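What follows are several structures.
The following pair of complexes shares a single chain, chain A, combined with chain B in the former and chain C in the latter.
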Partner chain A sequence: MLRTFGGWAALAAVLMVALAGPASTDEAPKRGGTLTYMIPADGPPSFDAQREETYATIHSAAPYYSTLIRANPMEPGSPDLVCDLCTEMPKPTDDGKTWAFKLRQNVKFADGQPLTSADVLASWKKIIWPPEGTVSPRASNFVMVDSVDAPDAYTVVFHLKFATDAFLPALADPYAWIYSKAKLDQDIHWYEKNIDGTGPFKFVKYETGQSIEGVRNPDYFRTGLPYLDGIKGIFADKQVTRVEAIKSDQAAIEFRGFPPTVRDELKAALGDKIDVQTSDWNCGGLITPNHKRKPFDDPRVRRALTLAIDRWGSAADLSKIAIVHTVGGLTYPGSPLAPTKDELQQIAGFWPDIEKSRAEAKRLLKEAGQENLSFTLLNRSTDQPYKYYGIWVVDQWSKIGVKVTQRVLPTGPWFAAMRAEDFDMTVEGNCQNVVNPLADVGKYLPHAISEGNYGNFDDQHEIDLYNAMLRELDKTKQKQKLLEFNKYVLDDQAHGIFLLWWQRIVPYRAYVKGWKIGPSHYVNQDLATVWLDK
Partner chain B sequence: MHRYLVSRVLLVFPTLLGAAALVFILMRLIPGDICLVRLGSGGTSFSAAALAACHAEIGIDRPWWLQFLDFIWGLARFDFGTSMWSGKPVIQEIASRFPVSLEVAVMATLIAIAIAIPLGTISALKQNTWIDLAVRTFSIAGIATPSFWLGIMSILLVLDLTQAISGHPWMPSIDYVPLWKDPIRNLSIVMLPAITVGYRYAAVSMRMTRSAMLEVLREDYIRTARAKGLLEKIVINRHALKNALLPVVTVIGIEFAFLIGGLVVTEQVFNLNGIGRLMVLSVQNQDYTLTQALVMLVVTIAIVSNMLVDLFYAWLDPRIRLA
Partner chain C sequence: MTIAAPTPTGTAVFADDRIPPRGVVASTIRFVRRQPVGSIGIVLVALFGFAGLFADFLAPYNPTANDFTAMTEAPSWAHWLGTDQLGRDILSRILFGARTAFVVGLTSALVGGFSGLVLGVGSAYFGGRIDLVLQRLLDILMSFPLIIMALAVVSIFGTGVHNVIAAITIPLIPRCARVVRSSALAIREVPYVDAARALGFSHSRIILAHMVPNVVAPFLIMLTSFVGQAILAEASLSYLGLGVQEPVAAWGLMLQGGAEEYASTAPWIAVFPGLAIMLTVFGINLFGDALRDVLDPKLRER
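Let's look at the complex of A and B:
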């Protein structure tokens, strides 16, 4: 049964209901206590989320900041976006091209200064149009933004070049912390080493590479929140340390997620003292062929290689040992815009009959004169899930007679090899935060548009499909165009070979309440609603 | 003695310069750079402009020779610059971690000396008896057992034992506190890693003590001392052990220098925020400035400990200082 998309969806639903229970009960929150949690890193590169890409920054300092809008903390996996610093979600004007946000008037920074639209404006300008000497890795998500202004002290207006449904989810970026204009004016790099936000907690101290601590912000703009008196994040890069810390109750939770084996280990050791929440993760694995290298310039070869992979048959077994789980296309499986099972099974590599699929793969290789194909697969030296992906696909390809050798490199050299076009095929990931079905597939566009695509190909038709999809406001047509895009990228051209979506598993001490898992470890980390049932 | 000391000190400078050049070149031979790691760690894409801005910000867009001169000039002024990863002064990054590694290294050394010298001596004195066999087995086990495995096992043992006894698993805190702030908690944190590392360290030193003692005990002057009717205690302590310690001191000195920067796995297993862990992190992140400074620190410690060993040699054996 689990070899079907429906089966997986049903299992996921059961797991969500069974395991996500603690966060959805109606227990009255208790006040007080300090939450100690593990951060799976040696420390953040900096505290400036606007310039960083790592969860180490989010998990360290998100509780000290607010954003303009955000994913609904009660349902972080839903497309529902809610206000954080704004008073209500605006209705766009000017045919969807103007968005005016009214701001709360009772918000103060930790240093006591009131927040105004000047702060929000300065923060967003830094994100969208980073000043010289600063970095903003997500600036390209805001190609639709023409200008931002602040007509009064509590209003911020975004003017778009074109209306698109990709705008609001991009605006809910959990890295888009709102900073003080005064601090930015004083030193544009001030926030890299200092913390001063409007979040539910106030920063107390950071022991380099050891821990970070905060206390309840008495001036927090949401009355009654947070419930906790304090928070303490402990950095530990080694998984065994984090697991032991939870086991010995030195820490209550780690928010990024553990492999299934750790969940089982903690449950076996601590029984009902451990609760588990599980979710699909807005991260997917893919193999990118280098189109500049023969024979990967031939769509028949690329198509054969995706056809050889038995996603439906492997997902169940892989999900027992790795953080991969769900069969899906380029669109996050939980999104209403994701292909249905029937639609997905029309795409090469997702056919229900693997024997038929592999027979077609062999035929294509023969037709392309590549019956004895052998190549090197570049991979990243990261255990979960890259190494599992690598071993899996090498085995899958062997079933159609393709011989593959892996070349596993640390993150820096792996990136360098991809940028230098020094690979045949490479294992990659596409990890996004708030689910934004239209923008999240931007990764698969040719390098001229998406600099994070290492396939080395040009394809105007694909760009046209994407642009049409990005500007489409009718949901039914949007879904149709997205399906067309999936079919074109994964099947017709096989520009990328999509593997499996990740699964996020968070086992934690059962006394932690009020936190709800979402499809991204970047989202829902301000901890305002977390409380301890002790 | 003064000439000896001065010649040893003068040798330090070319050694440091060679090490500086080597680490500078090696770091730049690794493909990729810190900006790729930093911008790409989340798995999302980033633009060439963002990459160029990052390069410019940390100064790796400049010619390599200029970077090298900067590095050497900084070294001369004890200014190691700022960490490319965290933006904090390198001195600050190292200073916050050094006490942890130093404490573990000192404790491990003390444990090793306390175990190695008495057991190695007894083993030599009781050669080919069951005591000798037991000590040698204990020693070989120490060399053969990887520290990380021993570390994990010791934590698991503590967890399981405390669960069996009290019903609640307990382990030493993973959140380091300095000795002067909370000595008991500090010792509970540092004791397990120190024992884990000290055991292997002791095993090496124990074997060295045993073989050196066996050699010395066969020397003519020991036979003479015994023939003079000296007490066996005096023969062993004053005549045999002091002479047998020369190679043992060398091993202890080298191992101590290694411990400062080499406790990589142990620090990770016990979540100790020390120099070894920082070294791995800085190499992984391709943080040139921090890695260069850390290598220079370890090289300096190795040089200083070697010098101290040489001086100790001179104290132990007057022939060395007179030569």
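Let's look at the complex of A and C:
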């Protein structure tokens, strides 16, 4: 296994997590105290995780909710999925097409109402088939679901159109909070501005753009949890504010992740009062060409632009200053389904010889009549890692004679520009949650299938490749089909120009125990197992 | 003693008492003697202007080229002012940043200044409803602080050099127009302007040939201060991420990129662009003060 790049990456990821951090499993947890943590945002767009795509919502309100199943909080980086509201992970029936989940019977919402299968059913129906007037950005992850029903008060059954390995990880979506059916019936938008869940903490108050506070839920269904008496999330958009808060012990942790320079700064300032956990991150950067704009409708031009970028020669150095780290294709590098290094090096943009690669890029541009290509790159005004991606690729493209200026916009206008198709090329991030190699590449499908794709192209062949891959249950064939998909998207058509995978670095006060880093900043955020050693 | 014919502006001079013209060198020496501090200002501005103009020849490195072998290097013989986190030579970026600063500063000041001059003199000359409407419009524009107005313009039209120039130019126009108008109001009442009207001169001729030359002194002083204000505004907008965009070399952008994150580990990333801004604006202010002293008859002999 270790002969493959994916195998080495998987081992490295496991070792990184294992060596990095504070397993603390051998220490007896202490009860009490309030955890103050920083949230790198100026506030959540709404409290309804089912409709949002940002950690600002997760980090604000995940502790107040539960999900049907979830990543193992003790090993969030492993493929191990465990029950949250269900009693045990079911075995599928009907050739893998029927999944019946038994629910816990001692669960109460914060308002005192008991949770039943009707609540779980209503929540999942809203996620998979969003009613008119609501949005569900991850609905496309559930194309395999035919129907969901609740045969009794404590059973929920998912019926699939076809068996697929992508189903269970998709179900562990940390955004899939379970809501009260009564509240949804009362107002489908109720959860956008209110909080009422079954999580380890009870919501107390939210001060707009300032902080959000909760207290221990005495009715939490896991006996003995949570350990903390309370939690307080403080919103701060600026990195320097968050770093200073941790430095001065006004806050203990920020869960999203800092660049390496901050880790070094905090370690230098506070020594062993700071612990650090590190992980590969199921987030990658990409550049999306607008296929509706010339000359980006020409695959030769798109291919030339990916060929110009020296990923192998830049990753190690960029990782010193930015949260980018690993060279990889569309599949999370820690996954056994990820391409090996040899396989990756067959794909345009990942060739080992950058001079040969750039010579081919120039040839392609000449062939396409675009030797003097110049364009504007749309980018997001977020330092990590968008700013670094932008500066880096502009420099890389200059080496094949392409002149690029940047148009940097705040998050809202940046999204608006992409949705309005008002760009030549745009820098994007693609963050997924529980590692789901088959479904995670859905982002690269045409917009008709994937709402999050802004490339403005149609490609039935790509959709066919994806569908075939999704239905494949044999691991070897899955990997082969995923590789074929990678080659088609990144090389043959260059629908997207993938840059580098991210690294997650979380430096925090050493007295924070019981939290384990995973490859997603969306996962493992209910804080039930966190305790303070002070 | 003979009396010479009136000049086009209507002022008469005594021919025999004309002060003989001085050479450039003599004038320069006289200026340096009388305005030593202002001279320092001119030297500073000239140095940075020269740096910007000839950055292509002076800069030792490509200001936008990443060099991962030289990331956050301290000042050395290879990189006199050190490098930033992407290995870009700070001296080269400061030299090219001077170009950005002066292009934005001079363009904004000149366009804003001359637009204000035309509006101010025109408003004073025509008076009546035109003056009333124009002044109220200028009042509205003046009610916003320069940086707030610039932020609003950039928010509407987007970032980039051209939009930044527009964003800074627009708030400068009413400031200039207001000062120029007050000078022009006094000029409008002098007899030679009445004479010009009586002779049937066109409005544009009266404004351009008879009124504008008489408001040049306050206008020039204001223009110099506008250059400094515009450079500061450009740096502020870039620092806020709303000005010119990476990888273009600009002083404010250099501060935005490194000042916070590398303040303790690589302070040169922030210190040198900060110094460049400070020295340039300081130089322009000194020059403006000296110019005011030279052009203002009340201050000239002090």
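Going forward, the second predicted complex is superposed on the first by the 513 of 534 C-alpha atoms of A that agree within 3 Å, B and C clash if a C-alpha of one lies under 4 Å from a C-alpha of the other, contacts with A are read in each partner's own complex, and residues count from 1 in each chain.
Assume contacts are C-beta pairs under 8 Å (C-beta built on N, C-alpha and C of every residue); 3 or more make two chains touch, one makes a residue touch a chain.
As the structure is a prediction and not an experimental result, all values here were calculated from the model.
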Touching partner for A:340 - first (chain B), second (chain C), both, neither: neither
First (chain B), second (chain C), both or neither touched by A:147: neither
Superposition-derived comparison: chain B or chain C, residues of chain A touched: B
Touching partner for A:394 - first (chain B), second (chain C), both, neither: second
Touching partner for A:452 - first (chain B), second (chain C), both, neither: first
Which of chain B and chain C A:419 touches, first, second, both or neither: first
Which of chain B and chain C A:87 touches, first, second, both or neither: neither
Which of chain B and chain C A:259 touches, first, second, both or neither: second
Chain B versus chain C as contact partner of A:320, first or second or both or neither: second
First (chain B), second (chain C), both or neither touched by A:137: first
Set of chain A residues, in rising order, touched by both chain B and chain C: 238, 240, 409
Chain B residues touching chain A - in the complex, by the definition given at the top: 30-34, 36-48, 50, 53-54, 56-57, 85-88, 92-93, 96-97, 152, 155, 159, 168-171, 173-176, 268-271, 273, 277-278, 281, 284-286
Partner chain C, residues of chain A touching it in the complex: 238-240, 259, 261-262, 264-265, 314, 317-318, 320-321, 379, 381, 383, 387-388, 390-392, 394-395, 398, 405-409
Touch list for chain A against partner chain B, complex: 42-43, 45-46, 52-55, 130, 132-140, 189, 192-193, 207-211, 234-238, 240-241, 244-245, 247-251, 269, 283, 409-417, 419-420, 428-432, 442-443, 450-453, 522
Chain C residues within the chain A interface of the complex: 64-66, 68, 71, 85-86, 158-160, 241, 245-248, 257, 260-262, 264-265
